[in-house]
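Both complexes below contain chain A, partnered by chain B and then by chain C.
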Partner chain A sequence: MPDVEKNTVDTAAIATMLQSKDAEMKRILNYCVRCGICAESCFLYMAHKGDPQYMPSYKVINSLGILYKKKGNVDKSFFEGIKGLVWRNCVLCHRCYCPIGIDIPRMIDFTRSICRSQGVYPDHDGGESWL
Partner chain B sequence: MIIAERKPLDEIKEMVKDYRKVLNVGCGGCTSICLAGGQKEVMILNRDLKEQLLGEGYSPVLDGFVIERQCNYDFFDELDNMVGGYDAVLSMACGVGVQFMAERYPETPVFPALNTVFCGADRNIGWFEENCRTCGECVLAETGGICPVTRCAKGLFNGPCGGTRLDGTCEVDKDTPCAWYEIYHRLQAQGRLGNILTVKPPRQWQNQTRRSLVQEDYKQRYAG
Partner chain C sequence: MYDVYGFIRGPMVWLSFAIFFGGLLYQARQFYVLTMETSLPRPPASVTGLAKGAVKRSSFDPRTMLFASAHPVLAVITTAFHACIIILPVFLLAHNVLLFESFGFSLFVFPEPVAGLMTWLVIFCGIFFLLRRILFDHVRAISTPYDYAILLIVIAPFLTGYLATRQWFGYESILVLHILAGELMLVAIPFTKLKHGLLFFFYRYLMHYEHTLGRGSRTWSGTTLHKRGNANA
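Right after this comes the complex of A and B.
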């Protein structure tokens, strides 16, 4: 966790974090067959009338998936961009169901941790709206 | 949500001053939202604590980390790989999280950086109000949605006590509304005064011993 807020990111540190769970995370990212069955088990997806941005698999593929694809070579704006996806769009309730056993909240939790390591996290005393 | 506030710096300092390497762990849940123990608060506490300890001749190594929730072991695995490298852990979660942390790492001293204050609602940013003492036998159905356990100074189930002032405040504090005065007026407006006209029998105070709960559908899963 950085001691001070910076506008840059430490790509080497991101790559190290990604590598620490490389086998597990890449495997599950590859296992996802985009079947969409997880969608209806997520109450947020249902509450947002099927907005794909709330689909469990979408949230992971478009955050952690990109981080792995780019091997951590992203900038601060990337983390700012996925912040809503991994915080507002998921409450880590562990209620989503994937028939092949992909643990979506575990991946979102890990993505949040990478965001936090680069100083990106929700600002609860600012003007951000989380729902 | 659980509402907490940070302990005074001196109290925290006394807990950790004799440990050289300390990991301060924030919680991404309630205490982030109530602005007591999230990532920003971890940074601020570490900065202040370090300054204080250095000023007193200690040479602490104080690191920070945040997990999304300290009350659920699903979120601990990154921490599992870190805690062994520290002499003590400071937790910025509520008392539930601190205890979970202490149970998870029984060989490491775990200290609370916060005081857990109540179960409350958000009135506004940084402004919280206690509304429930988790008594385990909710009576809000009869009291017009106003909790007498939390909001009556004496926690009366058959009120008011006779100490209500003419302006509707409680004799204990002139700035505190009398809960039973409010209950009466709300029920009267809804034509439901009958709800409080019978005397309630004494209740069993279930919160005297530690409680646990397994929802009906899960009883079989955890049996035996």
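Right after this comes the complex of A and C.
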């Protein structure tokens, strides 16, 4: 179990969660051709005048992508770092459009679940506004 | 002396085609292993119903068809690029001469000036994609050496093919380079990101999600690599 007080995470549990969907998630991460076409379909990307941090694929590559690359061997600060990417930078509206069929929100949703499993939640009162 | 040229022009071509077709079949099979029929509601199975559903979701609207969020210039360039890459090698005169020599039949062929224009188009689009990757912040932010390598693998056969046709820089050596580049591309397609040429149809037409173009009849089965063998290729 993650110990919220001690600021630790349960890497074995993270690895198990990652493994439970690796056939899908690793495959899709590997399938993304990094074309950036999805960018302008995200209203948050547009609202932030093209800040790459709001691009759908960027959010997934730099959260779930790293989790898979490191096989879940991350620390609490990693989750604190991606919290903004998966909560503040995405509202799971499912508008993002990938021409080759990548379902980005599904991956962000999964990443949020992993965050929650480690006691990491969005700061709705911490000034992380969406716009 | 062992005939390396002969090998590159002979057995290696057949081997590359075998890996290409075998690899595509493998990827198609993996798709069905890793996904299952969904019980979620979906458009009717009839062809007319499917067409109606697709029109409703604007998938036949040229403006939104495949590139809903792409800039119109990008949409035109990427469409031309993909079309030429697939069509040109199949209907090229020189390739069909080889086809005839091997199997005794050939396909329709493009007149040489048209083929030359299409080759130029591929090279121009390739340079466009390269510059886009380097110059646009949002594309650069997600680009890795792998993505540049993929672009190079795709452009190389067309560039060397053009040089070979013009007989520049020594025909024989450019031709061997061209054949090697073509073989590399064939082998790379099923096992790199280039597999989107095939999997596009599976993901866009069969998977159940917001932007499906077909019935969306399948969903991921939640299979893990550990239970069902390596699905990562």
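What we mean here is this: the second predicted complex is superposed on the first by the 116 of 131 C-alpha atoms of A that agree within 3 Å, B and C clash if a C-alpha of one lies under 4 Å from a C-alpha of the other, contacts with A are read in each partner's own complex, and residues count from 1 in each chain.
The working rule: a contact is a pair of C-beta atoms (placed from the backbone, for glycine too) under 8 Å apart; a residue touches a chain by one contact, two chains touch by 3 or more.
Just so it is clear, the structure is predicted and the values come from calculations on it, not from any experiment.
Trainee: Tell me which touches more residues of chain A here: chain C or chain B.
Mentor: Greater contact footprint in residues on chain A: C.
Trainee: Have a look at where A:92 lands relative to chain B and chain C in the superposition and call it first, second, both or neither.
Mentor: first
Trainee: Just checking: does A:41 make contact with chain B only, chain C only, both, or neither of them? Give me first, second, both or neither.
Mentor: second
Trainee: Contacts for A:113 in the overlay, against chain B (first) and chain C (second): which applies, first, second, both or neither?
Mentor: first
Trainee: Tell me which partner A:11 touches in the superposition: chain B (first), chain C (second), both or neither.
Mentor: The answer is neither, since A:11 touches no partner chain.
Trainee: Kindly classify A:122 by the partners it touches after superposition: chain B alone (first), chain C alone (second), both, or neither?
Mentor: First partner only.
Trainee: Where on chain A do the contacts with chain B and the contacts with chain C coincide?
Mentor: In chain A, residues 94, 105-106 are touched by chain B and also by chain C.
Trainee: Which of the residues in chain A come into contact with chain B in the complex?
Mentor: 1, 3-4, 92, 94, 105-106, 109-110, 112-113, 116, 121-125
Trainee: List the residues on chain B that touch chain A in their complex, please.
Mentor: So the residues of chain B in touch with chain A come to 28, 32-33, 35, 38-40, 42-43, 46-47, 63-69, 74-75, 78, 125-126.
Trainee: So in the complex, which bits of chain A are touching chain C?
Mentor: Per the stated touch rule, the residues are 19-24, 26-27, 30-41, 45, 50, 52, 55, 57-58, 61, 94-103, 105-106.
Trainee: Considering only the defined contacts, which chain C positions touch chain A in the complex?
Mentor: The contact residues of chain C facing chain A are 34, 66-71, 74, 136-139, 141-144, 147, 150, 193, 195-196, 199-200, 202-204, 207, 209-211, 220, 222-226, 228, 231-232.
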